[in-house]
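Common to both upcoming complexes is subunit A, partnered first by subunit B, then by subunit C.
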Partner chain A sequence: MPKVPGLVKGLGVTLGIFGRTVKDGANTVQYPHEKESPPIRARGVIALHEDNCTACMLCSRSCPDWCIYIEGHKQLAPPRRAGGKPRQVNHLDRFDIDYALCMYCGICVEVCPFDALFWSPEYEYSEPKIADLLHDKEKLGEWMETVPEAPELEAGAGK
Partner chain B sequence: MTELSERQQLSYIASQAADARLNVELETEGMTLNIGPQHPATHGTLRIIARLDGEQVVWAEPSAGYMHRGYEKLTEVRTFPQVTTLINRIDWLGSFANEVPFILAAEKLMEIEAPPRAQVIRTILFELSRIANVSLFLGDLGVQMGATTPAFLAFRDREYVLNLIESATGGRFHPNFDRIGGLKDDLPKGWINETTAVVKRLIGFCDENEDLLFGNEIFQSRMRGIGVIPAHVAEEYGLSGANLRASGVDYDLRRDNPVGLAWDKADWKVWTHPDGDSWARCWIRLQETRESCKIVLQLLEQIPAGPIMTKVPRIIKVPEGEAYVSTENPLGEMGYYVVSKGDLGPFRVKIRSASFNNISITPWVLKGVYVPDIITILASLYFILGDIDR
Partner chain C sequence: MISVLAVEIPYWGQSLLRVLGGLVAVLLPAGAIVYLFLFKMMSFMQSRLGPMEAGPYGSMQLLAEVGKWLQKEDISPDNVDKTVFKLAPVVVLLSTFLLIVVVPFGPEAVFADLDAGVFYFLAVGSVSVLGILMAGWASANKYSLLGGLRAAGQLIAYELPMVLATLGVVIQAESMNLNRIVEVQNTEAIFGFEWLGNPFVITQFLGFLIFMIAVQAELTQPPFDMPIAESELVSGYMTEYSGFRFLMFFIAEFATAGVFAFIAATLFLGGWGVPFEWFGWDNLDDVSWWMNIVGPLILFTKMLALVFVIMWVRFTYPRFREDQLQTFAWKFLIPLSLANIAVTAILKVAV
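This part shows the complex of A and B:
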């Protein structure tokens, strides 16, 4: 069999791919018109479940670039049982994440002992002004609606 | 040598004399050419200073450091879990592979070992990041020579690998998935089947690329016999990875020193090439992508059941000591020398990244080549700027 020149072979590959593209459609997605849904675990934006947060500052301290700002104060809450002493609880005044600094590492979500932080795969929150990327606790609370259930695990996953 | 006739000899001597006369009359002056730091062919901000004599390079030197981010210093003020976030960004195309040697060094100091399931999953993700890294190289290689089609094919298939890494770890480029004592999370359901399909697709991509680019006569004439690095020079300059194996040195840390990872469970081959030219370096990488696909397919079938995390304290303090662990990363040998004083973070970390040593050979290999060949030689040496500057 005579040797096929490499140039001709390469053209064959290109033609084959062209045929496949005509038949099956292109791989590209026309972004603003059609959207790909990111996987469940995708690290898009951090959501805050405010009721669970006790302003313990663990996330703020473990953040590699310190982009979480927390302020809180102690206040007295009514007793659980009638006749008891009033309880002292931590109240969250401010919980800001600066997404201009965030490295999306997920350490804050991991260290939170009270399940107050969650990952959401939502990604469309770019802003014209960099200062608007500082999300306050109301905005972080709104992301809670987009948090999906954790995915099922592959067979053989043990405790 | 064939015998020259008297007439040929005379004409040869005449042409030599004419050249000599011309050189005396037109005394040429050296010219300094800066390639970079903003040149697209340098994959970032590497600057090559080349002194030219006509079209030939007389002297060349790489000038690194335009993107220095000070990771070795930054690790001293971070805790051990935070360091993995930083070192993800060293070689940003194969991020997961950067985490593994550091975590292994920390585990060596703590004298713990990841469970077998975590080791196999680590190896699979390691090889997937190698495939994502090297498939970009195979596409980009064409662009350096003016062929744009391979780049589109490479980006198309690399996307599938990145999607796999994202669905398992959560991050497309910066997984931050490796933890001291195991992995952050187990694999999501259906991941193994997806990976099998994608990796089979990637084997098809390798065949396509071989026909499209490596079989092309223009590509071959630009690559063969250009930028030859003999084995002893490669060893002296500390090259590693595919650049070293292309010079005929049979050295692969995956086979020679598989520390805490599961490469020995798969059946694969270390490729070497005797030539040591640009072509050999590219060909070795193509074969390695195939071998990586084979490793992933074999390991996917033998993931053992069990936990993915050993027992580690919630606040990780690494005991006092020093450890060096290196692995065979997509770009070459990457190692971390970790010194711990028993604190929350490392006392000092020395990062041995592959690209820094690989580009150190450029003054040697660029001497005497023509200007257009600088780009192909740099492309075949394959470096990532983050890996050079850290």
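This part shows the complex of A and C:
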């Protein structure tokens, strides 16, 4: 078979895609009407599991954009065992992530030693006002519902 | 067009009809091209659906776009030559309206049945270069000026192959009157085979190719869109225009595409006519009156088919470099079209 010139081949490509789109539909989705579900490990929004947070500030300090604001105070908690000394714990007063600054690098999620931060694939949280992109700890806590179950470990992997 | 359906129309009525007809003949193809090809075909060729929200399948998108452009501020920068700056888009759009004057839409449905119709459209087709140069010069912007000069160089370079390709048709039809060219195409026969008439796309195939390439370049559609190459010239001569004036450039671009496709269909595809053999007509005077109504539809269909090809090429190829573009015109297309003329002339005399 003789070689088809590239110019003709190019016309064939565009016409082929034209025909395929007419026949099978487009590769894109009509967004507000239909949504495609992102992969479960997509970096949509960061969720906070507040009970695990010790206000250790590691995430805040490692954030390249300084978009995590943490305030806490020390307080005494009841002892673990009866008759023991009251424990001193860090109580989280404020945990804000400014998504107007966040660049979704995920360093905070990786650096957290207490499993308090999680990625969620949820992506629909745009706001008309930029100030509303500052999510406080209640809102970050609500995102926890959208965090998917962690996938099973590979066979043979140690816990 | 003195009387339509046996109703006498006064002169002012005729003028009004002509103005309305001209507006429809320019704006309807432009709208159809933008919606069908620029919005929908381009999207489909990129595996997406294009505008879908405004009206069914986005069919009202054009109204939304025009509304958007009308709302925008009409900015003219400080140092522009105000008069020329404001006149330029008018000149460009005007050349489109001047072009439509000679296009025959039916045996009698033509705005002006000029004997030298081909000559007229080739002459008037170059007027838009003036508008583009005016826009480029008056914008007081180096990108606009470069774009304007590139456009001028390109349009002059590709004007020549277009003229020369048209000459082949003129030689074969022995007339410069576009209606006569239509008549010849629909009455003559190829090798005694009368059923199809003799559309010049068959006998003048080389001329047709050269003409379509030249049209592509005249319209500054990719791959010949060096004058508005956005990666180096922002938007070329249109850079400083906004709002309604940009809209006029935009309409002119696609209306001219429509008009050039009308003319290409007239010259090469048999224009408004069907082969006269089908209905037993002998010549132009013989044609039934209803061809004045069906003819425009036939021509419109042929125009859409040609614009499909123009847009198909547009969405497929990357743009030429400036020197490649000029070399292609001067060293390849012009010699080729000269050879085409020579061969056509020899065959015309010999056969």
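Criterion: the second predicted complex is superposed on the first by the 135 of 159 C-alpha atoms of A that agree within 3 Å, B and C clash if a C-alpha of one lies under 4 Å from a C-alpha of the other, contacts with A are read in each partner's own complex, and residues count from 1 in each chain.
Keep this in mind: a residue touches a chain if its C-beta (ideal position, glycine included) is under 8 Å from a C-beta of that chain, and two chains touch if they have at least 3 such contacts.
For clarity, every value in this text was computed on a predicted model and none was experimentally measured.
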item: Contacts of A:Asn27 with subunit B and subunit C, given as first, second, both or neither; value: both
item: Which superposed partner A:Leu7 touches (first subunit B, second subunit C, both, neither); value: both
item: Subunit B versus subunit C as contact partner of A:Ala82, first or second or both or neither; value: neither
item: First, second, both or neither for A:Arg43, with subunit B first and subunit C second; value: first
item: In the superposition, subunit B vs subunit C on subunit A residues touched; value: B
item: Contacts of A:Ile17 with subunit B and subunit C, given as first, second, both or neither; value: both
item: Overlap of subunit C and subunit B interfaces on subunit A (superposed complexes); value: 7, 10, 13-14, 17, 27
item: Complex contacts: residues of subunit B adjacent to subunit A; value: 78-79, 81-82, 84-86, 117, 149, 153, 156, 159, 163, 166-171, 174, 176, 184-192, 208, 211-213, 215-220, 303-308
item: Subunit A-facing residues of subunit C, complex; value: 41, 43-49, 52, 312-313, 315-317
item: Residues of subunit A touching subunit B in the complex; value: 5-7, 9-10, 12-14, 17, 27, 38-43, 62, 64, 103-107, 110, 119, 151-159
item: Subunit C partner contacts - residues on subunit A that touch it in the complex; value: 7, 10-11, 13-15, 17-18, 20-22, 26-28, 30
